[in-house]
Amino acid sequence: MPRPVPPLRIALIGHGFMGAAHSQGWRVAPRFFDLSARPEMTLLVGRQAAGVEAAAARWGWAETATDWRAAIEREDIDVVDIVTPGGSHAEMAIAALQAGKHVLCEKPLANTLEEAAAMAEAAERTGANVFAMIGFTYRRVPAAAFARDLVRSGAVGEVRQVRAAYLQDWLYDAEAPLTWRLQKEHAGSGALGDLGAHAVDLSQFITGQKVAGVSGILNTFVEERPLPESASERGRVSVDDAALFTARFDGGAIGSFEATRMATGRKNSLRIEVSGSLGAIAFDLEDYNSLGFYDATAPGTRQGFTDIMVTEPEHPYMSAWWPTGHALGYEHGFVHQARDFVEAVTEGRQPEPSFADGYQVQRVLDGVQRSAEHCSAWTATG
Amino acid sequence: MPRPVPPLRIALIGHGFMGAAHSQGWRVAPRFFDLSARPEMTLLVGRQAAGVEAAAARWGWAETATDWRAAIEREDIDVVDIVTPGGSHAEMAIAALQAGKHVLCEKPLANTLEEAAAMAEAAERTGANVFAMIGFTYRRVPAAAFARDLVRSGAVGEVRQVRAAYLQDWLYDAEAPLTWRLQKEHAGSGALGDLGAHAVDLSQFITGQKVAGVSGILNTFVEERPLPESASERGRVSVDDAALFTARFDGGAIGSFEATRMATGRKNSLRIEVSGSLGAIAFDLEDYNSLGFYDATAPGTRQGFTDIMVTEPEHPYMSAWWPTGHALGYEHGFVHQARDFVEAVTEGRQPEPSFADGYQVQRVLDGVQRSAEHCSAWTATG
Amino acid sequence: MPRPVPPLRIALIGHGFMGAAHSQGWRVAPRFFDLSARPEMTLLVGRQAAGVEAAAARWGWAETATDWRAAIEREDIDVVDIVTPGGSHAEMAIAALQAGKHVLCEKPLANTLEEAAAMAEAAERTGANVFAMIGFTYRRVPAAAFARDLVRSGAVGEVRQVRAAYLQDWLYDAEAPLTWRLQKEHAGSGALGDLGAHAVDLSQFITGQKVAGVSGILNTFVEERPLPESASERGRVSVDDAALFTARFDGGAIGSFEATRMATGRKNSLRIEVSGSLGAIAFDLEDYNSLGFYDATAPGTRQGFTDIMVTEPEHPYMSAWWPTGHALGYEHGFVHQARDFVEAVTEGRQPEPSFADGYQVQRVLDGVQRSAEHCSAWTATG
Amino acid sequence: MPRPVPPLRIALIGHGFMGAAHSQGWRVAPRFFDLSARPEMTLLVGRQAAGVEAAAARWGWAETATDWRAAIEREDIDVVDIVTPGGSHAEMAIAALQAGKHVLCEKPLANTLEEAAAMAEAAERTGANVFAMIGFTYRRVPAAAFARDLVRSGAVGEVRQVRAAYLQDWLYDAEAPLTWRLQKEHAGSGALGDLGAHAVDLSQFITGQKVAGVSGILNTFVEERPLPESASERGRVSVDDAALFTARFDGGAIGSFEATRMATGRKNSLRIEVSGSLGAIAFDLEDYNSLGFYDATAPGTRQGFTDIMVTEPEHPYMSAWWPTGHALGYEHGFVHQARDFVEAVTEGRQPEPSFADGYQVQRVLDGVQRSAEHCSAWTATG
């Protein structure tokens, strides 16, 4: 019998693709993990009544609201989970923190560096036992978490090189429409902010080193696209399709980074390879349940990249799930995130990654942007 | 807003590993698919009160019982879902069908051919609109379902060869204990029944051909193992560790089959390769989201196995889930099974695979067993 | 400066595809290996003067003859290398051995078991220091030789299972012509003899166990094919397109075998996987420079198949070649064969594999054939 | 019978690792290809008599010399093939060209940009029918040549992105000795010049676009290493261990480049991925006989990277070799280079890549070096 635990009432603001993923996280986490509190899917917030009610019925949220302030004002809400576009994050998150709610906020932390800084500051100033977390869920992919464990244990020695790329291809077709994600005023940034953020966060998470400086270029290959509402008209793409940058980490490593929506044939390939003085690690999100590990201390004739199936009960998160060899998938990262968040806030610990961590990632991305605007000149981000 | 649909009340009998998987299927299916009925997790049955109550609390079942007949006798139960060991299936499933309940029963259908025959017969004799289904969930892995679609569309031409292997390794260690799964009186069979059943069903599903005859060998590599309760004592393993057989299909194809718990390093590798007159297909459950496809009609210099990421919205089941390139995992097969079951019984269609299908698979396995007992002599199974 | 060594004069009988490969072996071996004798490409034999002279000019043979007996009768010839079709091997090889020549004979040893037995017997009866070898060159692929080394060193423990398949697809098209290879009177056998021979030899080589019994089926999918000389007429295929068999080895292992020319998309895929009590090995000839190795004694969370690039100087044959990571290819097996043959006969050692080894492989294939003719009944081959 | 063709007498200057590879090229090319001239291995030049004589005997060169001028002065020499370290190339190559010899010169063209420019100029000024070529042999890997053919045919559409990396790991061990290759005065450059040159040339060859500008960083991870002659003493490494740069091509593509000797576990991995508006290509030298190709015009559910085994007779160079599916390896690039060189100079065509091509690659590398010295500022290389 699971031990009796107090409820933790959640309000979710936003109900797009990320809303489905977060809902699945809250729903499933207590079914597989022993949690210190019981997440309750109390309130779903969306701007249009019909849409939010349909989503609440579909995903199992008890109540709905059309004004996000309802989530802040309700005393019974313990956690505000924000999955709206980046431009609204700062106002919501700061208000929630000031109201004493825990906050889980999707990446990017904000669309501007200023807002991100304000959020990080607000998270610093909360009373004791009020916590804010940013949703870099790929840290919760077991293979990625195990990669970090291997590096931390010294299995690759001193980290020297990182090659990080987040490759998607949904814009390779020049006739793909000009959605809000391709307009700077709505999205803040293009591939750099959307995909580059993950590449930077995950690289830093795995290596334990922070990006200290960058040099980069941005490119928009298709400068005009059909309007979604009228395919015969075209509008201007105002964000990058692809970003390339080199980096130096504060621990001495160097790295190459790529974020692109133009890597034809690559659907959701977030690859991170770490080369160290004693070994190497190769992660690819498209190969969700595996991790490559090279042990340069093994007998010479037996060295090679070992394809570790990260499904043993001793691997991160895996004891909660299925027998060895049974695959997890994308949404499990959200289940693990829900679990880690619940455990941290219940136990009075800061969940990771913090808003400060999210702000640091944005400083790196901002550095890339500024470098690109200045002939790729080296730009400190530390 | 999801359309209002009637409830479909489920009773689940059994709460081991498969209970968790089936519970997840019932819980999640209505959150991602538009179903014609709303599955309700009404009753969980287990023999010991403490265990079943804990499981019900963990997985979200409303009530519990310790006698499986409760599930049959309650008028409000619409579906009896059986995940107990094979020896108990026949009695439960037949009683449930006779009581007018739909039945979903885990594989193997039964531990003996006689019981399986009786179950298939009972399923034949139900009144209109009472249906029985056997849980070969691997048919619901999108890559496997897409493999069947490709074959059915003629993309590989005439199917000529099948190489099917279900490889696990949890018995490679001679000190692994003598659990009930290694005792014939409890498990009925070893790797042959447990893993071979999946290999046969999935091969037949993908190719659309049935196994008409077999020749096989069985082997037990470790004949004595420590008793679970007392590692210093040893007991006799009475089932096979591995089974190998050749087969002829009713459509003219030939096949090689392997089922083993001794394939060191292979954790849950169910591989099926189909060679046809116009192409080929290669499936591996350990590579859950991919399917290999060879098109022999492509231009000669561009032929090769294409690694299709089976995550496009046009692929089976995938429009309900995440964007392109986002992985599914093991439990999604159970979600898809729940969906397919609900839709079929609600619409008055026989869900597939039927008990007759399950019985046919067991006739094949029985043929292998008898062949092995008769110097591998060819044995018709059609 | 290479040490001065005596010449070893070679006569090559036959000049098809295998003639090119053997010529390359003799030509290149002394350029990369320190040999105890210097192979001289003295005489090339072919039935038609024009053809053999062209081949000799192309490949660099000093002289030609149109009667193979010339190779036997010339006193200056030290080695007779036979690459003609199988039906001619026995007469040539026995005559050469009786004339005191060393013999290297391509596989299959002969088209009939009787001839193979006679050859093995003749090889037994030679005087001291006259040696016969059969050309299973895949033993000389560095990854295969290293696989044997790993097994012999105990790295996989007790060998329990073998899965061996030699997959080609050059007959998948029903309009491929009826060449002599598809006629029993010329070729002796089909996929079984051609490809199965390699699968059996290499499995035995790597595991150190011999096949003691088999049960098999043969199949001819396309029973009539266009005549090469007249595509509008068709003739009967009298050999198998595919062979499947199960086997037991004399050391307790069991194995599944496949040999096929119908595995659409597989060009030259000779795959051997060995599962043992402490580890496993996975070899695929299509991945020439790699070997998969699973070490079940490694720390649990770090286990997986290691993709060993078999190009380190400490790997078999590799110190003679290029730096680490630089690929070898198909013909290098013939270079290594030439080297091993020269070294053995020069040092008065029996080169491996012997004619007795070739005869044993043919007994296994004959057992498969007989099993297939007797309802797959188990057939001892030991 | 091969047609009678005139001889082409070669002098090879240098006899290290590259000497072995070039010798194998000259030796083997006429055995598999119908050449318009017959290469004769006439003269091998090395500074020390004993070494050059041993190498000549080993590799089959008819004569030797200890002064490279002998190769220039001998009237009977048609081709001067230069495989010495880069610092000596300019003097030798220019003298040979001025003497009317064809020249094949290993990369890098020279250690300085000035020398490379002089060489390119000398090659421009030769009389009619005297040609110079630089040895970027990886263009002759069939998979790379086929990649270029695919791009040229429009199969990937407009090329947008290139990700190129040449990864080796022979310096990961900080105790690896300080050879001449790690000293700027001897080697000119480190990973950038050695490996980056290949990455740039092959990217340009495949895409048909030239690098127009770069931004880069260089790094030396291990700044002091043991002296080869005295491990207890250490000397300073004066070249880069790794180079990272971003690039813009003259056709609008952007690219990321890496050259490193510190990619632990990567032995000889030259990877080039090209993303275009209609498809993509993925090449990896460690997977010598394969090419990945993604066709975005294929039916949506069947798209994926196709693993093309580049061994069909219709693939570049392959009709000369073995049946489908039989692997080639590293040295075959040198055989193909010998063939292409012989055919071009015999037919009075400029062989590719020319000295001008080599000089252009060095301007790109020089741009990277200068960018790295100027805070990664963008540097035009066009």
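Order as written gives the chain letters A, B, C and D; numbering starts at 1 within each chain.
One rule holds for everything that comes next: a contact is a pair of C-beta atoms (placed from the backbone, for glycine too) under 8 Å apart; a residue touches a chain by one contact, two chains touch by 3 or more.
Heads up on the chains, UniProt names are A, B, C, D = Putative dehydrogenase.
Note that the structure is a prediction, hence the values are computed from the model and not measured.
Asks: Spelling it out: a chain qualifies if it touches chain B (Putative dehydrogenase) and also touches chain C (Putative dehydrogenase); which chains qualify?
Replies: A, D
Asks: Comparing residue numbers, which of A-C, A-D or C-D shares more than half of the contact pairs of B-C?
Replies: Going through A-C, A-D or C-D one by one, only A-D repeats the B-C interface.
Asks: By mean C-alpha position, what chain is farthest away from chain A (Putative dehydrogenase)?
Replies: C
Asks: Could you compare the number of C-beta pairs in contact for A-B with that for A-D and name the larger?
Replies: A-D
Asks: Could you grab the centroid distance between chain B (Putative dehydrogenase) and chain D (Putative dehydrogenase)? Build each centroid from C-alpha atoms only and quote it in angstrom.
Replies: Distance between chain centres, rounded to whole Å: 54 Å.
Asks: So the centre of each chain is just the mean of its C-alpha atoms; given that, what is the distance between chain A (Putative dehydrogenase) and chain B (Putative dehydrogenase) in Å?
Replies: Computed value for the inter-centroid distance: 35 Å.
Asks: I'd like to verify one number: the distance from the centre of chain A (Putative dehydrogenase) to the centre of chain D (Putative dehydrogenase), where each centre is the average of its C-alpha atoms, in whole angstrom.
Replies: Centre-to-centre distance between chain A (Putative dehydrogenase) and chain D (Putative dehydrogenase): 41 Å.
Asks: Counting only residues that touch at least 2 other chains, which ones in chain A (Putative dehydrogenase) make the list?
Replies: 266, 303-305, 309
Asks: Going by the contact rule set out above, which residues of chain B (Putative dehydrogenase) touch chain A (Putative dehydrogenase) in the complex?
Replies: Its residues touching chain A (Putative dehydrogenase) are 1-2, 17, 20-21, 23-24, 27-28, 31-32, 50, 53-54, 57-60, 168, 170, 266-269, 285-286, 288-289, 309, 311, 322-332.
Asks: In the complex of these two chains, what residues of chain B (Putative dehydrogenase) are touching chain D (Putative dehydrogenase)?
Replies: 146, 155, 290, 293, 295, 300-309, 312, 314-315
Asks: Would you mind writing out the residues of chain A (Putative dehydrogenase) in touch with chain D (Putative dehydrogenase) in their complex?
Replies: 156, 160-161, 163, 165, 169, 172-174, 215-217, 219, 221, 242, 244-246, 248, 252, 254-256, 258, 260, 262-266, 273, 275-280, 294, 296, 303-305, 371, 375-378
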